[in-house]
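Two complexes, one shared chain (chain A), two partners (chain B, chain C).
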Partner chain A sequence: MAELGAPAGALRAYWALLRAQARGQASYRASFAVDLVSNVGATALDLVTVLVLFGVTRTLGGFDLRAALVVNALAACAFAVADLLVGNIERIKLYVRTGLFDAVLVRPLRALPQLLLMDLPVRKLSRAAFGVAVYLVVLAAADLAWTPARVALAVVAPVAAVLFFGSVFVVTASVAFWWTDSGEVGNAFTYGGRDFTSYPVSIYSGWFRALFAYGLGFAFVAYHPALALLGMADPIGLPSWVGWAAPLVALPACAAAAAVWRLGLRHYTSTGS
Partner chain B sequence: MVISAVGLRKEFTVRVKAGRLRRVKRTVAAVDGVDIAVARGEMVGYIGPNGAGKSTTLKMLTGVLTPSGGEVSVCGLSPVRQRTTLARRIGVVFGQRSQLWWDLPLRESFTLLRHVYRVPPAEHAARLRTCRSLLDLDPFLDTPVRQLSLGQRMRGELTAALLHGPEVLFLDEPTIGLDVVSRQAVRGFLSALGATGDVTLVLTTHDLADIEKLCKRLLVIDHGRVVHDGTIEALHARYGSRRRVVVELDGPLEAPPEVPGASLAAAEPGRLAYDLETATVGDVLTRLPGALLRDVAIVEPDIEDVVARLYTEPPAATTPAGHGGLGAATGAP
Partner chain C sequence: MSRMEGNGVGSVTATVPRRRYPNVTADFRTFAALTVAGFRRYATYRQATFAGAFTNTVFGFLKCYVLLAVAAGAGAAVAGYDAPRLATFVWVGQGLLAVVLLWGWTDLADRIRTGDVVADLLRPVDPVVTYLATDVGRAGHAVLTRMLPPVVVGPLFFEVYVPHRWPTVPLFVASVALATLICFCCRFLVNATGYWLLDVRGPMMLWAFVSGVLSGLYFPLRFLPDWLVGPLWVLTPLPSLFQTPLDVLVEVDPVPRQLTLVGIQAAWAAGLLALCRVVQLRAERRLVVQGG
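Here is the complex of A and B:
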C-alpha cells in the first residue's frame, strides 16, 4: 500500500518528533548549559592526552605527533558526531526493560529513527562541533600534500567513520533485546572502540590488534584513512590502497547493524501486561 | 473479518533456577493456540485471569510482538511485517504505557500525533473537538502530561488513540486504577464510540462491569487458550447461572410450594428464593398464595461469579476441541 508523498510525510513526522524533543530539553536550561560546556571539556582532554604522550616520546607506533593527531582528530570527530546522532540508542535498555518500547512500536514510524529522535541529545552538539573544528585545524596544520583524491578522502573518511561508530552503537544496544540487564558491556565496544581508534593501530599487537583492528574493523575507521591522507607507508605493512578503500567498511557495518537490529525487534518480548 | 487469528501462539523462554548456579531453560506458552474472528463494528471483551495471555495476544495483534506460530491478520494486514501501515489504521491504548509526551502539554502531544499519523488538519481538528467535548478535556489541555491525574491522562490517551480515525481500537485495561467517576466517563465514551458502528473495539479488562456495559461478545482466555467465545447470556447458560426470584411473604407457609422448572434455593420464614431453570417469574408467583405476597425481587445472575468459576475450573473441561499445545508446557510468565 504505497502512498504518494509517503517519504516526505514521514520526514515531517520525524521533524516534529525532533522539535518536541528539543523543546523538552530546553525546559532544563541550566543543566543544558553545563552539559554543553562539559562535553567540550571531555573532547579537549582527549586531545591533551595525545600531547602529553608526545611529551615523553617522539614517535608512537611509527607516527610522529603531527600524524598521530590526524588519527586522533579523525576518530574523535567521527565518534562525537556518531554519539550525537546515534549514541542515545543505548537508552533502548531502559525502554525494553520498562516495556515503554511498546509505545514506540504502535506508532506508524520506523522504530530506530523514532528512538534516535525521541532522545536526541542536543547538548552533545557542542562536542560534535568541537570535534569537527579540531579535525579541520589538525588537517590544516598537518601540512598534507593535498590532491583532489585526498580532499575527497578527508570528507568521506569521517562520514564513513560516523556510520561505522553508529553501527557499533546500534549493535551493542540491540543486545538489550536478548539480554535486558546488559549493563555497561556495550561500552567496551563503543567507548572502547573509540579509544582504540584514536591511536595508531601499530602500537597494539598480537590477538588484541587482530581482533579489534581487523576482526571488528576499527583499523579502517581512522588509522588507514589517516595513512592515505598523510601519504605514509603502513608500519604494519598493508598496501597503501587499503587506506583509500577503508571507508567502504562502513557499508558492511551498517548492513550488520541493520540485520542485528531487525533480529532484535523480532526477538523483543515486551513485559507483562 | 477485521481481525482474524488462527492457532496464534507465543512462547517465551524462561530460565528457571535449578540448583545453586545452574539454570534450566524452559519454554512457556503464554498464548497457546488462540482463534479469534472479529467482524467490523463489533465490541469484544477479552478477559482472563492475570497472566492468561490477554496482553500478549493484544501485542501480537498490534505488531508489537512477533507470534511464535499461527496466522494473524488485522485490517487485512500482517501486524509485524506491515506494522507501520497497520499502525495508522488502528488505535492502541495500553493502560499502563503512555502514548503521550511526558514533558509537553497535552495539546502539544495531540499536535505531534497529527504529524506522526499524517492526519489532515481539518480531520484532526474535528476529531479533537469531539473528544474535547465528550471527554471534557478543556480544563487540562495545557497541562504537561506528567502533572495530569490518572483519570485525566487516560482521557488524553483515549483521545490520542482516536485522532487518526482508527478502524480498530485496542484497549488494554483502559479503566485500571481509575476512580468511579473517571471510569464511568471512559465507559460512557467507549459505549458511544461503539454505538456508531464505525470502530471495532477490543478491550481487555479485569473490571467485568466494563464488559457488561460495553460488550455483547465475550472472549475468555485462560492458560493461553480461549475457553469461551460468545455472548454473556451464552456464558451464563453454559455455566448454569440462573435468574433468581426472591419472594417476601407476610406470614409463614407450612411448606414452600414446588415449582416445576425452578428449584428452591432458600427457604426462611417469610422469605423464599427460587432459581429459574425453565420456569418464568409468573410460574413461581401463581403457585404462591397471593394474599401473603409482600414483595418480589428478581436477581440477575452475577457475571463475576461465573467468571470466577471459569478461572478456577480446570481448562480441560471447558476448552473447545481443537489445538492442544503440543509438547509445550502451559503456564504463564
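Here is the complex of A and C:
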C-alpha cells in the first residue's frame, strides 16, 4: 500500500471520490428521493416502536418513557451517523469475493478511507440528520437538570458512540478477510448491537446481558451515559461515575478495530483468477 | 385484450401459446420438479444458512427480552399475551422469518433488469407458477434449516407457551403455508414493478419498511389500538404474514376466531395470486412494446 507524498494531494483525491459518489447517486432523482424518505421512515419506526411499547406498559426495566427515550435517541442518533460514515464497509464481502479489492489496494491511497468514500451512502444523510434532530428534541423535552458537565457529556457521548458503532462495523466487516461467505453474521453485532443499545440494559439478564453489555461493551454506548444525563441510579447497581467515564470505551474499541483491520489486510491473499 | 395495442403489432403476447386443455398430471410433475430444484438451490448455500440462523437467534434474544420487560412492566398479561405466550411469539416468529421471507428476494427484479426474464417467458410454464414452485422449495428448505435453530434455542432459555388444543396444530401449519403464499405474491408484485420502473430499489425499500412493522414482526399488532388493528387485519395482507400464524399458535383466541383469521388469509392468498397473474399478463404485453 503506497501513500501519496503530499497529504494535500491525498485529500484532493478523497474529495474527488466523495463528489463523484454524491453526484452519481443523486442523478437517479426519483429513486434517490424515495430512498431519502424511506431512510427517515426506518429511523422513525424505532421511535414509534418504543411509543407503542409504552402504550401498554408504564415502565421498561425501571425506566419511564422519558428516560427510555433518552437511551433510545442517543443510540439511534449515533448509529445513524456511524451507518452513514462507516456502514458501507459491509460491502467488503462483495469486493473480496469479486476481486475488486485488489483494485483498491493498488491505488496510492489508504484502503479503509477509500472503501468508505467509494460507497458513501449519501441517501443515508437524511436518516443521520433525523437521528440528530430527534436526539436534540428528546434532550430538550426530557427536562434534565443541566450542568456544564452534563452539556459536555451530551456532546461527547454521541461522538464516542459513533466511534464505537463504527468500530463494530469495521471489525465485523473484517471477518470477510477470513470468512468470505460470512453473510449475515455481522448483522447480529451491528444492527443487533444497535437494538441492544436502544433499550435500557436492565431489561436483559443472565449471560446474554453479561456478554453484550460488558463483554462487548454495548452498555457504555447509550445506557450508562443516559443514566448520568438523567441523574438516575443504575438499577443494575454500578456506581454513578461509570456513566461519566463511559465514552472512554470508544478508545479500546477503535484500537481493536484498527488492529483487526490491519491483521485482516495482511491476511488478504486475493481471490486468484 | 384487444389485438390493436402496441402500435398495431400483431402478436399480443411474447409467450409460447398455452395448452388449451389442462393436463393435471404433467402440470403437477412440472411443479414438483421446480419445487425440488428450488430446495436444492438453497441447500447449496450452507454457510449463508448457518449465518442466517445464527443472526435470527441473536435477534430472538433481543426481541424476547424487550417484550418480557413490557410484560413485567405492565404487571399482568399485555393485550392477551402472558410472558410465555410472548416468548413463543418471538422465537417462533424468528424461525418463520426465513420461511415466509419478507426481505431479500430480488430474483424476478434482477432478471427483468438484465433481460433474462425473456427466457422465463419462452418456457411453456406460466412464470407465476415457475417462481411459486421454486419458492415452495425454498420455504421447505427454510423450515428444515432456518426455522429449527431459533425454535430449539428459545425454550432452552425462556419459559415458552405450548399449544393445548389439538386443532391449533393443523391450523398453524395451514396458516404458515398461507402466509408463505401471501408473502410470495407480495414479493412477486414488488419485483414486478420492475417491468415498468426497471429500478425497484424504491418499491423494495418501501416494502421492507412497511412490511416489517405492520406484519407483527417488531411487536404484536394487538399492542396497537383496536380501531387500527381491525381494519389493518382485513384491509391489508400484512398481518396475515406473521401476526396470524403466531396468534393461532399461542391460542390468544378461541377456535372459531382462529378459523376466521386463517379464512382471511385464504381470501388474501387467492386474491393476490389472481392479481399476480393479471400483473404478469399486462407486463408481458408491455415487454412486447419494449422489445425489438
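To be clear about the criterion, the second predicted complex is superposed on the first by the 267 of 273 C-alpha atoms of A that agree within 3 Å, B and C clash if a C-alpha of one lies under 4 Å from a C-alpha of the other, contacts with A are read in each partner's own complex, and residues count from 1 in each chain.
In this text, contacts are C-beta pairs under 8 Å (C-beta built on N, C-alpha and C of every residue); 3 or more make two chains touch, one makes a residue touch a chain.
As the structure is a computational prediction, the values presented were derived from the model and not from experiment.
Trainee: Using the superposition on chain A, decide if chain B and chain C clash or fit.
Mentor: In the arrangement built by aligning on chain A, the partners chain C and chain B fit side by side.
Trainee: Under the stated touch criterion, which partner chain does A:A20 make contact with: chain B (first), chain C (second), both, or neither?
Mentor: first
Trainee: Who does A:G192 touch here: chain B (first), chain C (second), both, or neither?
Mentor: A:G192 contacts chain C only, not chain B.
Trainee: Quick check on the superposed pair: does A:W244 touch chain B, chain C, both, or neither? Answer first, second, both or neither.
Mentor: Neither partner.
Trainee: Quick one: name whichever of chain B and chain C touches more residues of chain A.
Mentor: Touching more of chain A: C.
Trainee: Determine, under the contact definition given at the top, whether A:F130 touches first (chain B), second (chain C), both, or neither.
Mentor: In the superposed model, A:F130 contacts neither chain B nor chain C.
Trainee: In the superposed arrangement, which partner chain does A:F79 touch: chain B (first), chain C (second), both, or neither?
Mentor: A:F79: touches no partner chain.
Trainee: Contacts for A:T269 in the overlay, against chain B (first) and chain C (second): which applies, first, second, both or neither?
Mentor: first
Trainee: Determine the nearest approach in Å between the Cα atoms of chain B and those of chain C after overlaying the two structures.
Mentor: 12 Å.
Trainee: Going by the contact rule set out above, which residues of chain A touch chain B in the complex?
Mentor: Residues of chain A touching chain B: 1, 9, 12-13, 15-17, 20, 23-24, 27, 99-100, 102-103, 105-110, 265-270, 272-273.
Trainee: Of all residues in chain A, which touch chain C in the complex?
Mentor: Per the touch definition, chain A meets chain C at residues 28, 30-31, 34-35, 38-39, 41-42, 45, 48-49, 52-53, 55-61, 179, 181-185, 187-188, 192, 195-196, 199, 203-206, 208.
Trainee: Okay, in this complex, where on chain B does chain A touch?
Mentor: Within the complex, chain B contacts chain A at residues 12, 51, 55-56, 59, 62-66, 80, 82-85, 87-88, 90, 92, 94, 96-99, 101-104, 108, 111-112, 115-118, 172-173, 333.
Trainee: Which chain C residues qualify as touching chain A in the complex?
Mentor: Interface residues on chain C, with respect to chain A: 47-48, 51-52, 54-55, 58-59, 61-63, 65-66, 68-71, 73-74, 78-79, 157, 199, 201-202, 205-206, 209, 212-213, 218-219, 223-225.
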